[in-house]
Amino acid sequence: MEMHSAKRVSIVIEAPLESRLTDALMEAGVTGYTIMPVTGGSGRSGQWTRDGQLGRSGMVNVICLIKPERLDGLLKAAFTVVEPHIGVVSVTDAQVLRAERF
Amino acid sequence: MEMHSAKRVSIVIEAPLESRLTDALMEAGVTGYTIMPVTGGSGRSGQWTRDGQLGRSGMVNVICLIKPERLDGLLKAAFTVVEPHIGVVSVTDAQVLRAERF
Amino acid sequence: MEMHSAKRVSIVIEAPLESRLTDALMEAGVTGYTIMPVTGGSGRSGQWTRDGQLGRSGMVNVICLIKPERLDGLLKAAFTVVEPHIGVVSVTDAQVLRAERF
Amino acid sequence: MSEIVNLALANLISPIILSFALGLAAALARSDLTIPEAVAKGMSIYLLFAIGFKGGASVASHGVDGTLLAAVGAGIVLSFGLPFVAFGLLRLITRLEPLDAAAVAAHYGSISIVTFVAGTSVLQERMIDSEGYMVAVAAAMEAPAILSALWLVARGGGNGKMAPGLLREIMLNGSIVLLVGSFVIGMVTGEKGLAQIAPFIVSPFQGVLCLFLLDMGLIAGRGLRQAKGIVTLPMVAFGILMPMIGSLTGLALGVVIGLSLGGIVMLMILAASASYIAVPAAMRVALPKANPAIYLTLSLGVTFPFNLTLGIPIYLAIAQTVTGG
Amino acid sequence: MSEIVNLALANLISPIILSFALGLAAALARSDLTIPEAVAKGMSIYLLFAIGFKGGASVASHGVDGTLLAAVGAGIVLSFGLPFVAFGLLRLITRLEPLDAAAVAAHYGSISIVTFVAGTSVLQERMIDSEGYMVAVAAAMEAPAILSALWLVARGGGNGKMAPGLLREIMLNGSIVLLVGSFVIGMVTGEKGLAQIAPFIVSPFQGVLCLFLLDMGLIAGRGLRQAKGIVTLPMVAFGILMPMIGSLTGLALGVVIGLSLGGIVMLMILAASASYIAVPAAMRVALPKANPAIYLTLSLGVTFPFNLTLGIPIYLAIAQTVTGG
Amino acid sequence: MSEIVNLALANLISPIILSFALGLAAALARSDLTIPEAVAKGMSIYLLFAIGFKGGASVASHGVDGTLLAAVGAGIVLSFGLPFVAFGLLRLITRLEPLDAAAVAAHYGSISIVTFVAGTSVLQERMIDSEGYMVAVAAAMEAPAILSALWLVARGGGNGKMAPGLLREIMLNGSIVLLVGSFVIGMVTGEKGLAQIAPFIVSPFQGVLCLFLLDMGLIAGRGLRQAKGIVTLPMVAFGILMPMIGSLTGLALGVVIGLSLGGIVMLMILAASASYIAVPAAMRVALPKANPAIYLTLSLGVTFPFNLTLGIPIYLAIAQTVTGG
């Protein structure tokens, strides 16, 4: 089946920032995103686990498929939100089925 | 360590379709899959969140590692299930450790 | 924005092994990892689902972004833990924003 | 008339209704108050188990009168029939496509177990008994409406065929299995079984219901915020008119088969209520091209709150007038 | 004999057993009824906390008699010893490899806290008291069996060495910590503490147990569906024979150390029951090459329902005959 | 003095405190005991709903006396003011940067609803009544402290500007909405509403609180294990000194506005307690460069257990001495 090049951006960020990040992504012209739960992790700011979390804490993983030419705009938008906070951004080359959707 | 080329297919689809999709994948000769939860997202059909969902709603992420030569068969099988529904399919190049398993 | 090459390693492994795996990764010099829940799956050892699981069963997905040159060390460390158990390891090429962190 | 108003007012300031209103308000004001998915599912399992068990235990202690079968039959007839009425009404007063109209219609033939439970509370407070087996009627009404909707689509040339395995899936749907299963357990273990677990399924029931309705308010509110521009005024009118029509059909059948006042009211409520759990899931599989925003908003955002607040007292008042009870 | 049958029948139509049966039937019929993982874990935390606390409070009010230490000691001996019996029996009547046989054996030396709880209910209904510290005995029996199994594997030349940290992990395993911890809290706060939280841990207990057993039925049913072809008839025979043997060993020790009738029955039940929470997790780490489908199916799909339905009444009848109680 | 010690001792061996201790010990011993996130959230929703509702119902039955507004006003003043005291004290006795000091200060101006609830239990046990509307005071105290902290940062030249939407987010934060909402529901439905759901929100309350505190112990213990090397002795001193200062400020205001003995104690507890739900989330957004390990460890690992064990009895004793009650 015909596939089209795309970029898959994965952002792990603190849960209280979730809506700020997705708002920034939408403003940067992203057509969609998927939010996945994260149950724990480790990084420069230490180790954490979701179990028994009080309130809106922990982290989430926001995943975004976009046309390659939109990547830079998205990263800039995401970076503004992520930069002052705890979080990690990674990008992978991907292929998608229906290019017109991204 | 010796790695072998593979394709990583990620399908985000509505939860009520989950078993239909995995059945289709198994029929297409897939040897395994992993199902991951999705807590929210946004796309052409709007924004949604898993919190407080009633019944078997929401979406899931089905991930499938396969030998590259099986990709087309898998995509065709998946597409039949995904096409009339809400959902997104993406493919990434990957490497796996034990090729004989995929 | 400037991106740097990295490897994204994804390991699906049984939940009771989680801390052994992350300990092994840390020993292999990994600077961080993210743990994501898995709700079900299928492979050579059959089909399973997380619903109603008793105790610390089921599987988890440990994701690790690392500098390409560290890949082999990581895989060896992971393999020692994964090999005797149920689980799957895959690697994808990725790009990250702040190379010094990985 | 002022009787209805009084009843409605008394009904409106119950903790249950106010909890729903709180959820609705919080969601509309975009508060981040949410109930975790697992907790919501846990509460709905609790409610289904409790309501099924209590229904079964009540049948065990009051005995099965001859109308049991007639009542279940009436329920099945209503569930099969009401989608046609709903479909006709929708095509008449809204601009919905046949596909969307059929999907909406399926919801109104099926039932809402929480509306059923809320009705039970209202009756209990007024010391009106109802047949324990109305739970079985509720279970019987869950599925048939889906078949009618598929038939409506197929007839119109659309792809309304059953996906393979769908019928099985609908009949063995978790909520039907749990409701019927706990009904049978209640019937078998009877008074003694009920006494054993009453501190779990009877005493805290109303409280759990409050939290569950808080969550339903949150979900309805989130839905309403997103449905702006999709749901039109005529659709909203349908969402209020249809339960009225449904309840009158339920009234007629209930009187014909000789139910008690309470039983009649419960049948009216079942006929008036619209599904938002089983049917939406089935529609995603069977009619994926139908727009979920429409049917969920109508059933959860319009008809559910209408029944909860004004509907139930109105149906009760009508039933009392008609039966002279 | 007809006494046993009557007891067994009365036991079979309790809400608890029927809830398990409902779950089993739903899973075998492939219904999509499921209990979310978080809710299942929440219920098991509730049950462990409640059972531990009540045991401790009971010790606080009845006082510790001299047999406490003896009973705990007997439990440890059973947990260490029964795996050898189980291993021998498995090698005798089934074709299981030593590795799988050892893994299964570990489960039968350890215990099932839900079977323990179900036994308590049966005794309560018949107004038979048992020693409050049996909960402590249960906790003491969780872990030793794992060591015996590892020794069996090591002796056979297999890799049965303790992974580093495993012993610590087993002893500080959540369910042991919660059970022992709440037992101590119950003992310290006594009657007064119990009065404070009784409406939470006593009154709704049986009801929560029903939902928990519904879930265990679902899990057992899903396991049985997948175990076709793996679990053979001789293995099933083991799953019924072994608890009988275990219970008789428990009986002997219970009589020797002078437990009350209730205490003897509880020790029999502990000896007869097989673990399906702590031990499977330990086996995944310690004996990863052993097949989980075998040990989970035997302990959860065969022995657990056997004990729940027929086992407990049989053990009670035997104990009554032997003690003349 | 020995009175205080007795009170403190009696307080220490309650199931609630011991459950917290169990969680703490389990986490420090690295047991794998955990409470699933969804269950923890479910319990906190339950607690907020119950405490709000009961407060409202109590206002409905005792009537609103003139001090309601004064008490809410006092709460707001405390919440705005205490962060300045905390900031000064921190800069005086610790080496914290202004940013971290401001973030910590925000937590001490705000409140901990679980400490509030624990205080209510202690009063109840001693049959001391308190004003039902103290719940409203608690809700009013949640947010203002955040603004003071941001002002402190801005004044120091740091980036303490409100992120757009943050104020709205803080005010419509789930726990405030639920607490205020259920308070209003309790006030509207009154005694009758309370009677309806008392078996859910009153009887099992203490028991749920035990499990919730078990979880808080687990979280605090995990935090303490990771905070080694970050939290210094002077910071720990602050975590004990600050609630003492806060409680005395609360005492003064409580006496001035004429609260009852119970009301005064509750205001002291509110002033003494530190937030660990609403404020940490706000700090992640507003002051992301502040170190969460510091403020979470101080509020949850030091001040919370101090208040729970020694603080509350001390505040009560002081209030009794001062008011002569």
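Note that the chains are named A, B, C, D, E and F in the order they appear, and that numbering of residues resets to 1 at the start of each chain.
One rule holds in what follows: a residue touches a chain if its C-beta (ideal position, glycine included) is under 8 Å from a C-beta of that chain, and two chains touch if they have at least 3 such contacts.
Keep in mind that this is a model prediction, so the values were computed, not measured.
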item	value
Labels of chains that are neighbours to subunit B and to subunit E	C, D
Shortest walk length in steps over touching chains, subunit A through to subunit C	1
Longest centre-to-centre distance from subunit D, chain (CA-based)	C
Greatest separation from subunit E - chain, by CA centre	A
Copy-to-copy rotation for subunit A and subunit B - C-alpha atoms, rounded to a multiple of 5°	120
Cα-centroid distance, subunit E relative to subunit F, in whole angstrom	41
Computed distance of Cα centres, subunit D from subunit C, in Å	45
Where subunit F touches two or more other chains at once, by residue number	32, 34-39, 41-42, 174, 199, 203-204
Residues of subunit A engaged with two or more neighbouring chains	36-37, 56, 92-93
Contact pairs between chains, per stated definition	A-B, A-C, A-F, B-C, B-D, C-E, D-E, D-F, E-F
Subunit C residues within the subunit A interface of the complex	1, 3, 6, 8, 22, 26, 31-37, 60, 65, 92-97, 101
Subunit A residues touching subunit C - in the complex, by the definition given at the top	12, 36-44, 59, 61, 72, 75-76, 79, 88-93
Residues on subunit A engaged by subunit F in the complex (per definition of touch)	14, 16-17, 20, 45-47, 49-58, 84-86
Touching residues on subunit D, where the partner in the complex is subunit F	13-15, 18-19, 22, 25-26, 29-39, 42, 199, 203-208, 210-211, 214
Contact footprint of subunit A on subunit F as seen in their complex	34-37, 40-41, 44, 163, 174-175, 215-216, 218-219, 222, 226, 276-278, 280-282, 284-285, 288-289, 292-293
